[in-house]
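Chain IDs A, B, C and D follow the sequence of writing; residue 1 opens each chain.
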Amino acid sequence: MTSESLTPAPEHKFTFGLWTVGWQGRDPFGDATRAPLDPVESVNRLSELGAYGVTFHDDDLIPFGSTDAERDALVKRFRQALDTTGMTTPMLTTNLFTHPVFKDGAFTANDRDVRRFALRKTLRNIDLAAELGAETYVAWGGREGAESGGAKDVRLALDRMKEAFDLLGEYVTEQGYNLRFAVEPKPNEPRGDILLPTVGHALAFINSLERPDIVGVNPEVGHEQMAGLNFPHGIAQALWHGKLFHIDLNGQTGIKYDQDLRFGAGDLRSAFWLVDLLETAGYQGPRHFDFKPPRTEDYDGVWASAAGCMRNYLILKERAAAFRADPEVQAALRASRLDELALPTLGEQDTLGGRLAGLLADRSAYEDFDVEAAAERGMAFEALDQLAMDHLLGVR
Amino acid sequence: MTSESLTPAPEHKFTFGLWTVGWQGRDPFGDATRAPLDPVESVNRLSELGAYGVTFHDDDLIPFGSTDAERDALVKRFRQALDTTGMTTPMLTTNLFTHPVFKDGAFTANDRDVRRFALRKTLRNIDLAAELGAETYVAWGGREGAESGGAKDVRLALDRMKEAFDLLGEYVTEQGYNLRFAVEPKPNEPRGDILLPTVGHALAFINSLERPDIVGVNPEVGHEQMAGLNFPHGIAQALWHGKLFHIDLNGQTGIKYDQDLRFGAGDLRSAFWLVDLLETAGYQGPRHFDFKPPRTEDYDGVWASAAGCMRNYLILKERAAAFRADPEVQAALRASRLDELALPTLGEQDTLGGRLAGLLADRSAYEDFDVEAAAERGMAFEALDQLAMDHLLGVR
Amino acid sequence: MTSESLTPAPEHKFTFGLWTVGWQGRDPFGDATRAPLDPVESVNRLSELGAYGVTFHDDDLIPFGSTDAERDALVKRFRQALDTTGMTTPMLTTNLFTHPVFKDGAFTANDRDVRRFALRKTLRNIDLAAELGAETYVAWGGREGAESGGAKDVRLALDRMKEAFDLLGEYVTEQGYNLRFAVEPKPNEPRGDILLPTVGHALAFINSLERPDIVGVNPEVGHEQMAGLNFPHGIAQALWHGKLFHIDLNGQTGIKYDQDLRFGAGDLRSAFWLVDLLETAGYQGPRHFDFKPPRTEDYDGVWASAAGCMRNYLILKERAAAFRADPEVQAALRASRLDELALPTLGEQDTLGGRLAGLLADRSAYEDFDVEAAAERGMAFEALDQLAMDHLLGVR
Amino acid sequence: MTSESLTPAPEHKFTFGLWTVGWQGRDPFGDATRAPLDPVESVNRLSELGAYGVTFHDDDLIPFGSTDAERDALVKRFRQALDTTGMTTPMLTTNLFTHPVFKDGAFTANDRDVRRFALRKTLRNIDLAAELGAETYVAWGGREGAESGGAKDVRLALDRMKEAFDLLGEYVTEQGYNLRFAVEPKPNEPRGDILLPTVGHALAFINSLERPDIVGVNPEVGHEQMAGLNFPHGIAQALWHGKLFHIDLNGQTGIKYDQDLRFGAGDLRSAFWLVDLLETAGYQGPRHFDFKPPRTEDYDGVWASAAGCMRNYLILKERAAAFRADPEVQAALRASRLDELALPTLGEQDTLGGRLAGLLADRSAYEDFDVEAAAERGMAFEALDQLAMDHLLGVR
């Protein structure tokens, strides 16, 4: 492994939210530990570190309540930084959670006027997204949920959620924007329970929309792990549905509050399988880091943390590639019959009399199947998994 | 609350799996504590307790490996018990997890011959389901999963899963059976991670099938709670998609091993909101208990536990009805603006110039919206939730 | 149940932290939703609601950085409110977590000067505690922990923790204060992992101190439940060790971020068993509510939430008393052999030849023990638990 | 890293339970997938793989209900295998959970005769432990717990637990056995909640015993992780109390059912910090693997899995040593002020007027302390943690 191969470069498509390196460290029990960070400095520093772009919520760049003039000035200055550095903005999103007006939600707030305000706030920022050339618009409904059972009629709330996404879809279509939406699921925090809590729930919801083709998901490592779910499995299902429009990479140490550790921290083995999947499945989107440098850190620590995200991705990418290229691994995969999983369960012969007829007529499939002999076959998964461990740890 | 109103009767549609009262208490660390239970006795006892029907896996009634003659005799004797008692069998399912041949899965086993065997085993039991008049066929893929990252290519496994459900759908359609499938999600146990881990993932998967209309979900209380998810929220989403084909009621005390406590045990407040939802949403299917009487119990304890499931449902049903009927609750719901959640976010006026034009032109929605004033409005959820608590506890 | 019996009164010893009703609703993703609350108003309102007293961190009453003159004025005004209302301050504590100087801990911060500052800040507030007649001084070390493995040498940190508590113990002893310490455990949040994460770890630590007799624990419902632990079990062990010096009552819906719901919300059945335990075990200390009214609420909701905490405690107290008084319950407890659990395992006869000799000589205990017959005895726990459910729900 | 350094040898003190490689794969939902394994074969195979010894429950070697003659023959044959291979038996334990007689516990069963039987069963096997030269006797009370609140009076149960350990301590003392006890905590499974659920609770309990000096803990990786606790932190506290008498190494992927994966699988980063701690703290006891080869495996997989446990330990041991030896790491540790954590908070100067006087008189500690300046110091933990990651992954 050469140091060159571990050097981030724009072609790796590493992106960072302005709110990540710019997080000041305010948490439920403590005040900010870091001074505010100028978005332009973020662009410059991240560019120097090898990133491809930045992403942001409207309010990250343009403080809530700014006048149009202030807004224009901020956007202009920011665009100059992008132009100077060559950094991109492949994704934008809306902050529908910080201001107290969103305390009961945005698209599904019980108050109708709050819902309308939320839609307008989103539409406004979609224009900026299009203007800046973003191709993905993320929607994290962090406040869409409840702490108590009577406070939200979930079926009605889903009606309102659908109404919102149908409207947004209509807008980008009418405007001709080259923009797709990515719903970001999360099970809880800051609400006791959040609607569309997992990748699965979001994928199901999307199918009910008027324009399901332009809506996908933006899964976040820690969010799924907060529900104890296997993140690479969730990503695989999102890919299988053709819906992995964007991804949020970070780290989490199990089921607890949302940690947003740097990528690689937390469940390292899961991170290995995730990178293996993204790289072999041909995912072309940004590798977007949505992390929070711990509030113990000053800005040196912030940049070290950001650099660590990218470094860990690149290390894991090399290790996963070596794993897949190893002939012993390939033999182990065959020993575990991964090749057989690739074969349709119904074969050519089954389809002669219709798909079912062949199977039903095949006595070797049931009547004459030696169940006990089949049951005795070992799957050889432990040997395969140890090979993966060896590659991850670099001992082969 | 009268004792009559708490007496289970067939119209309540309470059903039990044969494997529930018949569980012998074998667990990962201990041997059986109860002798085997004759399915006919289960039918008789459950009928006496007021149940509407029983459900079963093929192997619950007909031991794995029985001859055709044995099978016929067992089915005949079982049908006689049903006829005598008037008990129904609204749901059947397949055991694709106990025999070691399924150790790596059934529909998604890496071994193709195991997959074919699993399909045949299922098709055979579907015939019995149709014969017995079942309307729902549940599919719990408890072994479809993995303990290590290389052992399963999830995208290929989903291909095989889709292939299986498409085939089963074709079969019941061709045969003209009045039978719908219900996929039962579970996040883990007995596999480290199971495919289609939550209601959401299952709903998303169903949309990819050839016959999505005849496939729904069979959510189980404890399974979703093992992922820390809000069960009534998941049920609400399943109802919203029109996919709540069946339901498994039991209890679970948080994120841990699958406990299968009797209904009401575990998260009681969640059970209250669940019953409230099922009863107000017009769910017409069976109230199916999928629980395990703790292995500390002898058969007296088993029947006490089964009776407790039904009793707790009926108590909660009365309490939920009283909650909804209470004028003070109705006022509290309005104070929390649940009525506003029922209103479309876009109104009549918005649609004059197209749905978007009205909203975009409405200055009161954004430019002139008094965000701070709106933010100050309390949601009054705590008062509402205490009313619910009072009703649950019977102190109003 | 009469409305009188559900009316909170000082003899119930209900206390509230100033930081609870005074929480402004700032969370990791959102700004404050409520204006600051004057501590004097909290005293007045809580007194009207029937509370016995209030508790506070130094900074709750006296903003960090106040001058001595400001401090004196604030304390004086506060004491007047106490005198007027008759409210007490049975517990005080130190804020060692909000200011960024504590970002890596207080008593176990890597920086020695921070540790010294933390001790001085604590000593100063202990003087105030003694002055106000508090008998318990709580120590929640919310920042004593780490997010990464190398950042904290836990054994050294425990040395520093012990040094701090030994010093504090020496101080109150030298000063002759009638004050005992109560360590409040928490597994995580705001740190990735916090030292002394559970009641058990804190109890073990206390045994290593110079003055273990004046140090006990202050368990909080939600904190133990964030580790999936059974709260009444933990309280029972604390009582067994004679170490339940104080208690924090609130609600939590499983393993996730720290929710601080009002008491009764969350795991209601666990709350029932907790109240049953506290009331039957003769716990004499305050029933202290450490909750956060959800940020969806305005101040009407805050007071409704506070009232709900007390109301739910009183409902559960009545229900638990009725459970214990019910002859059918007493019979069920005997059927479950709770009376046998109260008998020593070794009996009179065993001690004739020394405790062991009798047991070893008793052939009925082993050689002639009919294991299979004993194994067949049912424990009758399900019937007992349903009686508890019936009492909790008020249907008996 | 040489292949030699990764070759297990007796000096590494790797031990395995007979029940680990001998687990037949029976789980809550499935039958055994592997034939029984002769304990002698386990001794031979593990010896060939480089292990130092084996451990066992009485029933692992001598089936429950064996006659004395059968017992003697089995022990004799087993001892021959030990003698032939040079394998040791440093730990023994009692099976107090498999037989249905223990369904409600052993030392704390409600039934007194079951408690007496459990003690006698344990005493008998302690004799064998002494005979075989074991120095540690593990006590896992897997059935000591409850599924419902009324079923167990925890304070009484702790009385019975103390009675049992006091008796066992008396026995080994009277007999002059060189044997210490190690309590193994677990939060749940197979009981809904188990008594002494964590390392902390067990450490606290031990302090209440008559002979606390001969009782320590046997923490298991997965058990603490099932409560979401940081395992190295728990081990550090056990070491700090001088109570790490034994350890169970395995893997677990978060809060769910007890997985018993091979060591290294699951949370790899935690395993790194654990090995770092054990090796630097001078832990001298066995590195005992308590894992279950997944039931997908045949015996080739079982031995591959056992070999993987040892291999992963040795890899991590080398990586941890390199981390500690790296000058850049040492500088990073200083930058994070780990050296300051090693300094007493009170210094020489403080003790002139008594420990407190110096601190109270030190204006630099409080009055003149520049809190804001101190708050601005970054802790440099992210850089340190990335160095640890680099060493773990072998990229330095």
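Here is the rule we go by: a contact is a pair of C-beta atoms (placed from the backbone, for glycine too) under 8 Å apart; a residue touches a chain by one contact, two chains touch by 3 or more.
Keep in mind it's a predicted model, so treat the numbers as computed, not measured.
Chemist: When contacts are scored as defined above, which chain pair ends up with more C-beta pairs, B-D or C-D?
Modeler: C-D
Chemist: Could you work out how far the Cα centre of subunit B sits from that of subunit D, in whole Å?
Modeler: 38
Chemist: Please compute the C-alpha centroid of subunit A, do the same for subunit D, then give the distance between them in whole Å.
Modeler: Their C-alpha centroids are separated by 37 Å.
Chemist: Need the CA-centroid distance for the pair subunit C / subunit D, whole Å please.
Modeler: 29
Chemist: At least two partner chains per residue is the criterion; list those residues in subunit B.
Modeler: If we look for residues of subunit B contacting two or more partner chains, we find 33, 99-100, 103-104, 147-148, 151, 187-188, 192-193, 226, 228, 253, 255-256, 265, 269, 294, 296, 375-377, 379, 381-382, 385.
Chemist: For this assembly, give the contact graph shape among line, ring, star, complete and other.
Modeler: complete
Chemist: Which residues of subunit B touch subunit C once you look at their complex with the stated criterion?
Modeler: Per the stated touch rule, the residues are 1, 6, 33, 225, 228, 253-256, 262, 264-269, 293-294, 296-302, 304-305, 307-308, 311-312, 315, 319, 375-383, 385-386, 389, 392-395.
Chemist: Under the definition above, what is the set of subunit B residues touching subunit A in their complex?
Modeler: 65, 99-101, 103-104, 107-117, 119-121, 123-124, 146-160, 163-164, 167, 170-171, 174, 187-188, 192-193, 195-205, 207-208, 226-230, 232-234, 236-237, 239-241, 255, 269-270, 272-273, 276, 281, 332-333, 336-338, 340-346, 355-356, 359-360, 362, 364-366, 369, 371-372, 374-377, 379, 381-382, 384-385, 387-388
Chemist: So in the complex, which bits of subunit D are touching subunit B?
Modeler: These residues of subunit D touch subunit B: 25-33, 97-100, 102-104, 142-143, 147-148, 151, 187-190, 192-193, 226, 253, 255-259, 261, 265, 294-296.
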